[in-house]
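Next, two complexes with chain A in common: one pairs it with chain B, the other with chain C.
Our next item is the complex of A and B:
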């Protein structure tokens, strides 16, 4: 019996491999130009938390909101040369700030920076089941953008976006609950919105491209209330919500009143919710879904090494950084030489080889694809001799033992930890791996003086170097607990550069300052920057012009289906 | 003086006639040899990660058996055979030392409780029942995660201080009946003290059940170590143990089933060996208890 079970297991394992070897079962019809029609299906591992743009802040809610909502400015198309470039969407311009003298609500003169947005003509909402008294198609007004941002600032909304719009004049007062409107948000004409800031904020435009700034009508919010927008989502985007079955699926249909119809080829999107990873892969194999990501290690390896699948695998850079961070206030890492020694001792190529093709060795914090990424950054090559020499110089020639904190259980993280442990043992540092659950680890590494050395990571909020360099390395983000600057790193020169860059309006000079700051940070080595993630997706052969969008991840504008697909 | 038990020639004969018990003894013997001499024949350092093409593909896929790696490599590019051989040492060491600890504690508590009876007995057995009432795994996990440092010795301790209860209960029962035996009464009548009676007359008579429980205990502790390591609370990485190998291999169970089959089989065979041996010893020492 045991032998039969064993044989069965082996046969099962073998079968899987053979099926994969044949590659995808179906191919497209062979159309040469984009054609309209068809529904694209995909599954995600979790449900949707909210479709209220002031509330939604998780990956899958944002996917859904992205299909039903446009913003004043958005990002370039996925297949374009620069998908992280800001382009006009519901506005007709990407404004550059102008200096103005205005008077604040108290009548005092206030020098401000003004961003003036001109709204596109003919932009509308589409509401398939409008509340009584309202039309299905309704115009989008400048006041709706003002209202959307003020909803985020209003303490009663408890929006995670409050902080993003802090720079707008009058926002701090509104956050504090003192006022009900921010005077820096002004409707200055029938198609014009002006946003006033005391200090320039080059990241404002990125924040306005987030779904928090989608236009909303006060009438709809009043009718459906704070929690009602998930059940009653009004579309300002390429699709509208056709049906929503909580934690099962949400379907979208093409918005007939959309302003930018030419970019929408799909009739609909079927997003299946709460589908476990292995099941998701099986659905993809059974042609129930068109694209698949987040594959399990074995599915990734099986499909990743199969030649027949190679044309249909999409590998894309994710804008993030992973590594080990030191607490620079703790011994022995208050000594820069020790930190540099770790950087020289760890073999990043080995780490990448353990990552199933999902890791790109890193030199510094900024990943390729990020504006300001510096291919000429001076990083640390693998050099254990140099590491040993630096340790000796710092007085640790005989090595030392210490705890090394990782999160788990996580197969990839643990393998990386093993490799780091082995590399460090080679230069005499004996690491003892300690595995903590993610929330415990997060709290510990963001506290000062708790974790001398351990895993850390950062994933973008928006594709701007400030989002990495300022949060992780500016001394003003240090704190005894909940320290965003988790390495407790502080360098006045870096601070100065980051402060200058934060208000620098010339994009080239701004990026140059960030590159300079990045080099100084890498030289100071508050982290061992190890790798940037590569996201691996597979598509069915009839899914055309698709790859991962660096910000939206699953953006299906311009994507088309080569139907009718047929068996190979 | 009549002291039945360990050194009884009839027991040895009964054991020799018991085929399953002999199989068990052979398995245990082989596992012992592997644990003692395995590392001498291991082809590689069990913790060394290999990055060459015979160990890991470019994508990081572990490779199957080859001349370099007779049982292939694991997901971290380490030699599975070497890890299996070194892991035998860990599994056996945990089994033996945890059992030794459990036997030590259990024997002491069982002897004292059974011999002195009354309040001592109620107190000690009350405590034993309390420990016994806790779900074993939950208790082990709690103790294991409470301890600041985790190492091999900690695994012994955790398993030892949670696994002695059955031993204490059985020994106490045995002592309760032995202390009423005529030879104990006689010893007491001629003026022997408690220590002498316990050491010379009671202890030798409980050695039999102790050995039986011990050998079955080893099997249980090997399993417990596997469970702990599987939950990530066992021997710390990078050290090999069979449970840890199972844990590390599970994410690749369809792609490289050998990564869980090999340590899994090692555990099944070893545990079966100790169980067969234990059963055989019980039958040999205590023919009256023979069922069926």
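Our next item is the complex of A and C:
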């Protein structure tokens, strides 16, 4: 009866050959070389928080900022398998630090490392509705980079990027609110910016490639105020914001004054915000959007197993780590053997199966694609007997009961939680799953002594191991609340290695230190490192040369549309 | 005079209800063991930054002081500024309330337009096939979760048949309105038809109907002029109450159909712990319910003088 009813519904619905098995119903025009024009549409599951470069830090705000803002340097890589390489963008060079003797503002001699950037000629902002007295197209000056970074440091801005720039000379004084400028940021010529550091920071260049360091004019901030930059975003990138309806839609149009015009083929980008995942998939299949990610498991399976769709699927590694973290200050996890027992008891291969190709089992925190990734890292193989033995040795042979904190609702998280629960039950640990909303979970897991065991994750800011290992495992990032080092892990030897690596200028030696530190961390087991994500996207056949960027994910430089699309 | 007194008494009660709701919402929003600054400042803020932002957002003061601040501002009709959007909450609500009202009115219109005739038909064909079909259909309609019903409508009429856009499209507001309005109306249609059916069956057995029939009035005249008019009184009440609820924003429907109304703001504010916006949307939603209740009460008093004596 139910089947008949469904058949009737489908007949009523006209069933216009929209089965996935046939593959995409429409294809491109068949152009052999890239052509200009067309708007690329896609939907995302959430809104964007801010277009203020000093504030925006969530995934989708960064998508948007990436379209409207360039930085001094950018990334040469276009997918995770490419070697990480920095390339000049608004600057003409990627500087290497030089040792210098200078005098600080108090007149004392200061030995520093200097990074000298030469700005490209002819780079401009594009501001479609400029404030009175200003032109639409305005030059980008070295002082604007200095100002952008100082905005992040200024306590009044409440920027999440403050800590990234604290190595710059004068930054700590600014952060403390003692000064309004950092003397280590200097305009040293009409097209020259010099950044001075007391200690070398091999990650400085990555930080300058983050959108926090996009140039910004003081006049614009003065005019529109601290909260006005989302409504009035000025473009220094390939596109500008054409319209914005918060949590509904943001559209971008090609920047007519862009310096690197040859890499931009699209006329515009249409980003639909806060679209439910299944609705997003329907939009994609109805050709309303051109790329789709974050499909539900059933949609992913439906499209992922159709041979006709294979050429239009894009799979790539995301640089992240997911797992369960212990609070190592709480019983019984103050005992390393208990933490190791959990690591042996949880079956990562089974977890990966639950992800249908979207999860790669992890051995440690660093994912493949990250410089310093160690394929020979000693992790934990699934071994319930060993887990049981370790628990017995630690005095928990009879097992114990414990709360296990996850966020939700999220189908992937739920499945993982159930699998972990079953694995642990096998060695006598009875986990009681507790679901918390995201903000509550975040606050709880970053506070000491609240969540003994629960879900945690980290996604890269920039492709350098320090970004994972320092924040998550250096003891200086421990705190009673808002602890970035959420496991409260502390190992003086690891700290020492991380501190040495942080200022090591020889790349090979630096990565070797990180690998050593990573092995020590894995041996100490402050987390159960479970998996790294693999992102699966589908594209319409007329979206050409699209790859998943290892840092920006949705990068549409060099992407072109083979239009007009036609029925196959 | 009596009516004025009645109105004043009800208004007083309505204000107390609103105060109660908003106080509970305030306590709930603040009792959550989470820190909005954490959501705003990202994964690695310094303790100084957190302290500063907490101060800016008034979070470092005792609960009673914060509550005092909140009520004081509310008295001046100031709902505060959204933590996330950095805009006054009143601006956000003003921008979205029109779309929510449009959706609510369309949904109630469909409920009445479809539900009432179905109810009448079922009553007239009592215990026969149409009645069974409408009653069963009504049961299914009332039990269909919005999320499922909405997706099904989207799949059939948006994706397969391409009659309506999949989600909200600017410039095609009316076409975009049909599916979400239907989604919201499904439950209502079922409820209205059940209610009208019951009322009609009851009314049709009244003496005055028999009198009308005995006088030789036509069947349609008896049904429309005598029976339906009396059966519709509770429907008027229900329209008022439904409108009150729906005007506060439909969380799931608006999310599913990208409808840019208050419901989406409400969801977003809760996910991001945007307390001023949470309280703003709760206040508006409860104000609509209270106002519509008040209107229904007053209308009843006007229609039926006995109500005032109660």
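A few comments on the model shown:
The rule is short, and it goes like this: the second predicted complex is superposed on the first by the 532 of 568 C-alpha atoms of A that agree within 3 Å, B and C clash if a C-alpha of one lies under 4 Å from a C-alpha of the other, contacts with A are read in each partner's own complex, and residues count from 1 in each chain.
Criterion: contacts are C-beta pairs under 8 Å (C-beta built on N, C-alpha and C of every residue); 3 or more make two chains touch, one makes a residue touch a chain.
Note that this is a predicted model, so its numbers are computed, not measured.
By the document's definition of touching, of the two partners only chain B reaches A:435; chain C does not.
Contacts of A:444 after superposition on the shared chain: chain C is touched, whereas chain B is not.
In the overlay built on the shared chain, the residue A:158 is in contact with chain C alone; chain B does not reach it.
Contacts of A:408 after superposition on the shared chain: chain B is touched, whereas chain C is not.
By the touch criterion defined above, A:482 lies against chain C but remains apart from chain B after alignment on the C-alpha atoms of chain A. Once chain A of one complex is fitted onto chain A of the other, the partner contacts of A:503 are absent, as it touches neither chain B nor chain C.
Between chain B and chain C, more residues of chain A are touched by C. In the superposition on chain A, contact of A:381 is made with neither chain B nor chain C. In the superposed model, A:279 makes contact with chain C only, not with chain B. Common to the chain B and chain C contact sets on chain A are residues 9-10, 12-13, 16. Contacts from chain A toward chain B in the complex involve residues 6, 9-10, 12-13, 16, 296-298, 301-302, 304-305, 350, 353-357, 408-409, 411, 414-415, 417-419, 421-422, 432-435. Contact residues of chain B toward chain A in the complex are 47-49, 51, 56-61, 75-77, 149-150, 232, 236-238, 248, 251-255, 257, 261. On the side of chain A, the complex with chain C involves touching residues 9-10, 12-16, 18, 47, 49-50, 57, 155, 158, 160, 162-163, 175-176, 227, 230, 245-249, 272, 274-276, 278-279, 282-283, 285-286, 288, 437-440, 442-444, 446, 458, 471, 477, 479, 481-482, 484.
Put simply, chain C touches chain A in their complex at residues 32-36, 38-50, 52-53, 56, 84-87, 151, 154-156, 158-162, 166-168, 170, 255-258, 260, 264-265, 268, 270-273.
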